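My questions will all concern the structure given below.
Naming follows writing order (A, B and C), and every chain is counted from residue 1.
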Amino acid sequence: MTQSVPEPKKAEWRKRITLPRMAAAAALVVLVCLSLLIGADTLSPTQLANDPEALELLLASRLPRTLAALLTGSALAIAGLIMQALVRNRFVEPSTAGTAQSAALGILLMTLVFPAASLGVKMIGATALALLGTSVFMATADRLPVTQPHLVPLFGLVYGGVIGAVVTFVGWQTDLLQFIDIWTSGEFSGVVRGRYEFLWGAGIIVVLSWWIADRLTVLSLGREASIGLGLDYAWTLRLGLLVVSVIAALTVSVVGIIPFVGLVVPNIVSRVIGDNLRASIPCTALAGALLVLGCDIVGRLIRYPYEIPVATVMGVVGALLFLKLIRLRPSHA
Amino acid sequence: MHKRRLVLLAVLAVVSVAAFLTLGLRGNLAFVLQIRAVKLLALVQVSVSVALSTVLFQTVTANRILTPSIMGLDALYLFGQALLVFLLGGLGYAAIGGGWKFAAEVLIMIVLAAVLLRPLLTARLDMSLLLLTGVTIGLLFRSLTQLLFRLLDPNAFAVVQTASFANFNALRADLTIIGSIVTFATAVVCWHHRHRLDVVALGREAALGLGIDWSRTATLLLLMVALLVAVSTALVGPVSFLGLLVAALAERVLGTSRHAVILPAAALVAIILLVGGQAIFQHLLGSAATLGVVIEFAGGIAFLLLLYLGSRT
Amino acid sequence: MIRIEDLNLAHGGTPVLRDINLTIDRGGIIALVGPNGAGKSSLLSLIARLRPLQTGRIFIDGLPVTTTPGRELARRMAILRQDGVFAGRLTVRELVSLGRFPHNQGRSTPQDRARVEEALVQFGVADLAERFLETLSGGQRQRALVAMTFCQGTDYLLLDEPLNNLDMFHARHLMQSLRRMADEEARTAIIVLHDINQAAAYADRIIAMRDGRIASDGTPGEVLTVDTLAAVFGYRMQVTAAAGRPLVLHHL
């Protein structure tokens, strides 16, 4: 029965993936350059070479903003991917499962109770509430019938809305509505050097998630298959939950909620290369970074020199992509 | 038994109205009462139009969890409003009379709904997919509305908040008369056809079998729903889950879905919630703006419960 | 050796398994048969630690299933469930490779890859290796799942109605593969079978269950008698012989 083992079909695999990957890399370079140059004061490369002030603007504002968009985009896409593996449903992500709204509630409560605490401390509170909110969602999603896959995202959307209502209510009562706008409507215009560095934490988490990619792939096969393959199911589930919550807390407190990234990016990547997470995590991270940076640039250009928040742009782009995805979905799954 | 419960609801509604008018009265009585009366009229209109639009929509779709706002109708209306402002400019918009403005907004909404939502309803989609698509269309148009407002006035901070929750304190007074006409006329038509509506609620096949001209009836009913949603949204803003809450509560209290009972009951429940709620929030708690959020919260929870329990049977 | 002691299981007050005591030695094919609701799948789930034990104890090669680390057990025992639902978009090769997960935690060695290729060929899915699971027919998917379970390379295989969805050719092929595995490598397959004649033809030992109890336990010749079958399945059927094995005319 044993055949001579063919050299794993790497050549073919590489052929399939190289073209989109090259295109993505090229797009990344172009978008990063655009993002560095575009803004209320448009910089030109010659200016940068001669004008120290222009260089300072680049380093203090444009570069942090660009990096923040890239880090946020990849982290949100990965959080969506992990969430989909945890819930075993294609159509969930942190902002449609109450995670992001719970994180916003956490920040709000921390701001009320410990107004003097540093952003890092507040993030711990945000993470804790995000964990709690997501756990409630997952426990409920688990009890919904698997025969109706659209019930879970529907439930999550409304659940997120309910928590959002709590956030608004508390904000109203405590005169913190302006802050709530910052947390619930994501934008990068406030991102400068010294304000965004927490997002590197999200970047590190993205890399770590690649490290446990195989475990997550096994997890996405479901509880019984995972146990059969010797995965510590409960532990991995909790780890995934923690990763998603930390990403939500970091991004919500630094840039605010950006909807749909975690929903559409993993679905599109999965259509192209499948769900082996070892292969798809890097692609998903890259595509998420591209999407968010692209939307941020659009938001900067569309009403130049004013800015449209990235969350608004993404609300339109993401909702359109998502509608396309749920219509395209083959009926049997 | 239904009669007794209806009377009870009516009494509660009257108590709510009385509370709204009298609680915490101070200063120039005649003046304050007059302001409150105008506000009361608008709130009652919103209550009736939300209740009727939800019940009618559930009747046409033969579905107890579907409501016009969940399918994104109010988002379409607000988008129409924003589009009009965008096309005419702020000054041009302000120059048109209230009636024409309203008519144009309703027209945009109906065109959008006919293009986007009607195919959904006739496509016989799986229930949860239908709802998910509707909710997403609602989100899309909410974002588009925000986008339009940002394009108009890049510095507007308040846009986001006003676009996402109803505010029962800031009513658009110029629409009270048109709103009253629409609401009253629709209510009369509904009451007149209440027995026919019972047949429509049986679903397309059964209604056809019992001699209803289905496509004409359904189209007319959906038009009425659109008008009613326009009235309530124009007056107070989006009320995503109020309709659902009202219809579910009315059915729970009365234990029937016969339109002769459920139509008045839903309207009364809505009045109790809105007028009574506003009386408590505005005059007792002193936070007039927050009722919308509270109703959103309670209605959202009601929706989740219905969804969860419905999926398990 | 698998040892099961004083096993009881109830679901919502209704007993599902009652006083099960079993010892299953290494090597051979053990068929679990019985009518619907007899407790076969529940027994398999408990052995595979997919469900928590209520009372009783189960040991795999002396290791208690409740306290032994999952990875340790996954190197000794593989389980194939009925109706394994997979949400993801994985290719057949990626799925089968996951069978090596307990051994490599995802970092494939050349030996792992060789075993994957072997399993792909053995169950006739090598041509489908790059296809996504969702594009396969029910039978093809079932073969991919069987290949993954084999690929786990464990001493014990627990298979819950693995012949579901398979045509005659592939059903026979699977039973022959199990037979060879048992004979040549002294591995053990515990398999829930609906077709009693598959059990008659290939099993070394048949355990017949009814109402959560073991009704009969022995070689095919001992279990497949008119009286025992009537006690288990509730009606009398003729038993003849073919190719030196019992043949149950259960459909007459």
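Throughout what follows, a contact is a pair of C-beta atoms (placed from the backbone, for glycine too) under 8 Å apart; a residue touches a chain by one contact, two chains touch by 3 or more.
Not measured: the values here are computed from a predicted model.
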{"item": "Relative to chain C, chain with the most remote C-alpha centre", "value": "B"}
{"item": "Chain occupying the most central position, where position means C-alpha average", "value": "A"}
{"item": "Centroid spacing, where centroids are CA-atom means, of chain A and chain C in whole angstrom", "value": "41"}
{"item": "Whole-Å gap between the CA centroids of chain B and chain C", "value": "57"}
{"item": "Separation of mean Cα positions, chain B and chain A [Å, integer]", "value": "34"}
{"item": "Residues within chain C bordering two or more other chains", "value": "none"}
{"item": "Where chain A touches two or more other chains at once, by residue number", "value": "none"}
{"item": "Touching residues (chain side chain C, partner chain A) in the complex", "value": "45, 48-50, 69-75, 78-81, 84-91, 94, 98-99, 101-102, 105-107, 110, 113-114, 117-118, 121-122, 126, 130, 132, 134, 152"}
{"item": "Footprint of chain A on chain B - complex, ascending", "value": "126-129, 131-133, 135-137, 139-140, 142-144, 146-147, 150-151, 154-155, 157, 160-161, 164-165, 240, 287, 289-290, 293-294, 296-297, 300-301, 303-304, 307-308, 311-312"}
{"item": "Interface residues, chain A side, partner chain C - complex", "value": "1-3, 5-6, 8-9, 12, 85, 88-90, 146, 213-215, 217-218, 220-225, 227-233, 270-271, 274-276, 278, 330, 332-333"}
{"item": "Touching residues on chain A, where the partner in the complex is chain B", "value": "91, 140, 143-145, 148-151, 153-155, 157-159, 161-162, 165-166, 168-169, 172-173, 177-178, 181, 184-185, 259, 302-303, 306-309, 312-313, 315-316, 319-320, 322-323, 326-327"}
